[in-house]
Amino acid sequence: MPYVIHLLIMVSIYSILALSLNLVVGFTGLVFVAAAAFFGIGAYVTAIVMTSFGFNFFLACIVGALFSALIAFAIGAVLSKFRGDYYTLASVGFNIIIYSVFLNWQTVTRGPLGIPGIPRPSIFGLSFSDNFSFLILASLLVILVFLACRFIEQSSFGRVLRAIREDEKAVSVFGYEVLYFKLATFVVAAAFSAFAGSLYASYITFIDPSTFFVNESIFILAVVILGGLASNRGAVLGAAVLVLLPEALRFVGFPPDIAAQMRQVVYGLLLVILMMYRPQGLMGEYKL
Amino acid sequence: MDILPQLILNSLIAGSIYAILALGFNLIFSTVNFFDLSYGAVAVIGAYAVFYFSKLLGWPLFVAVPLGVLISGTIGFLLYTSVYRRLRMRRSSNTVLLVASLGVLTALQALLAIFFSSQFQTLSATSSGERLFSLFSGSITETQVIILLTAVAVLLGLAFVLKLTLFGKAVKAVGDDEEVAKIVGINTDKIIGKVFFIGSAIAGLAAILVGFDTGIEPIMGLPLLLKGVIASIVGGIGNVYGGVAGAFLLGFVENFGIWKISGEWKDAIAFAVLILFLVFRPQGIFKK
Amino acid sequence: MPIIETKHLYKHFDGVRAVDHLSVAFEKGQITSVVGPNGSGKSTLVNLLTGMIPVDGGEIVVAGSVRFTKIKSHEVKDYGITRTFQDVRLFEQMPVLDNVLVVLTERGVFASLFEKHSPYHLEKAEEVLRRVGLWGKRHELALGLSYGQRKLLEIARVLATDADTILLDEPFAGLFPEMLKVVVDICKELKVKGKTLILIEHNMDLIRELSDHIYVLDAGKLLAEGKPQSVLARRDVIEAYLGE
């Protein structure tokens, strides 16, 4: 049972990441490969303000999201200049730059040593130190992000995003300042990803840079594409499948080190197979 | 001691490696017009093949190295026939091809880690016994001399093939307009297959050289790929020779960049160069 | 009074002068056609007027007073200008209805976030989709439509905007007679409503039938202008066409 709860918490964290990335990839059609960067920013900011300044988790969460949004604003302004494959490459670049910051700005991040002893959340005497209560908190956050994403999707704003995905130039002739829409979406997605980071940091109680490398971004992209582009339910489904599937490998009897690599083989191959046979994923409405 | 000559030498050596990578990458890109991200993994496979034959089986290098290069070429060719050709026949978008190749990169790197462990290994026979040459108060190893010479040889060899052979003319025709090339009777599929073989073999050569100079690990595919891509974009994507100029520029910027700050920032510097170029001079130093 | 004027408008691509110091004026409430052989700069002119590509020289004057040397595509709507595209640019992986609704709803980032679509939007969308006969297909994706239906959807999208000045880039090309009639009728109705139409077309019969004024372009320059009957009878105009 504790193992199941652990897995569900991980599914929740990746659901939030996938929901946020889906806003960018599924709705604006930009293949962004740096989701782990904002995941990491959320985690690091939360870890630092909680361990060094004694912030409450929920406050730290908000600080993390704001900080992530701020960085996203700056990065998004640059990224918006690029299209298609160049956008993707530049996003990989940003992931590596931010990863370098985690790794090398040792006075703040402690570099490869990571930050240990991150406390679990507590508020008004309510503590989320056991995993079950943490799961409830994580699920609540998933629901919150899910509803927010659905709200965006169903609004006129969401329709404009889809139109941008289809033909950016044509939609601008009808009076839309495309840059603002893309930037706003990007900033919101970054803030949501940071929530996932806060949850992760507080749940594992330890973070180091290795979790936030490009590999992780590719994994989150695979979750979104598997679930289905432009589908919020798909994003959650994708997270469940891709978090749980590799766990099965463990039961088959692979040693943990090999199992970790097998996980990468699985989602790598999955991306290839999806592109070849089902580019819209399991529940998607949109094909790349 | 004056550090400048050593910095220049290091820049030239790094530039040579990047130049070889960019030559292969640009060759493939200029023909098929999509970013083949599996290029990095294909390169590392060649290096691991050499590791397997020479270190584990004890075969002599003059057998192991050509075999490694051939294996890289063959894997590149097979990836084309099994994945990319099918996607291209279905008129999949460049983004689909890019995501698929991202999946291939992830899966292949993880497979290497499963077979050979994720540890850092070196290809050179002994760790300390290499001959050192000194040049203008800087020093350079035998391997590094070979790297410089190989870069020149690959450049000249490729230039010869592309400029003076019938095959080279066909490659150019396919790159300019595949449909027209087909109409004039060129077997474009065969040409592209060969291009994948040659480009991937060149990639393998680069990774093998890196393996002798510093060492190999499965996850080096991504950095090798990215250096090749950055050099290509900086030089002018699709311009086979422009990539060489981009490679040396990148080598110099990286090595002089870490003169004052820690070497860990090398990758971040490389990407800063990429992003600056994408923003201010997206067509690269030389236009195609 | 001209609603849009160009003054010495200039655009080149890799040294080729696509639009070469062109000065033309489009009168309010009239149908003005721009004709000329392929590559004469007609579509480039439309793209310049709608900010799709940057202007290299000269200026564009809107409503006699607002002068531009550069015009941003998202500001075009504010001057009551809209357009169709020669290569029919729809929002492919979106339903037909959404293709129309998207030009009706709020333009601001925040305003659009707190709006779905109003009953008015839906009414308007239904009206224009019925007008072109696509209301029955409103839930289908745009990419599933036939070529003619795609062109009609683009016309519907333009009608929905209620813009005063409409640039139609080859609206009749490739249409079957019954669809052609729908588009021709729409053009006439729009004129009756006092809209300004700028027509890029090859179909000379329709140009004669519809236009109040025509401009003939050749190699980015103005070759002739005037009433359709007189201009289209000119020997040099016929030669420019036949000589292409």
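We just call them A, B and C in the order they show up, numbering each chain from 1.
Here is the rule we go by: a contact is a pair of C-beta atoms (placed from the backbone, for glycine too) under 8 Å apart; a residue touches a chain by one contact, two chains touch by 3 or more.
Owing to the predicted nature of the structure, the values given are computational and were not obtained by experimental measurement.
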Most centrally placed chain - per-chain CA mean versus overall CA mean: A
Most distant chain from chain B by Cα centroid: C
Most heavily contacting chain pair (counted by C-beta pairs in contact): A-B
Euclidean distance of C-alpha centroids - chain A vs chain B, Å: 31
CA centroid of chain A to CA centroid of chain C, Å: 42
Centre-of-Cα separation between chain C and chain B, whole angstrom: 48
Residues of chain A that touch chain B when the two form their complex: 31, 33, 78, 81-82, 84-86, 88-90, 92-94, 96-97, 100-101, 103-104, 214-215, 218, 221-222, 225, 257-258, 261-265, 267-272, 275-276, 279, 288
Complex contacts: residues of chain A adjacent to chain C: 152, 154-157, 159-160, 162-163, 165-167, 169-178, 180-181, 184, 285-287
Residues of chain C touching chain A in the complex: 50-52, 73-78, 82-83, 85, 89-94, 98, 101-103, 105-107, 109, 112-117, 157, 161
Partner chain A, residues of chain B touching it in the complex: 34-35, 83, 86-87, 92-100, 102-111, 113-114, 118, 222, 226, 229, 233, 262, 264-265, 267-268, 271-272, 274-275, 278-279, 282
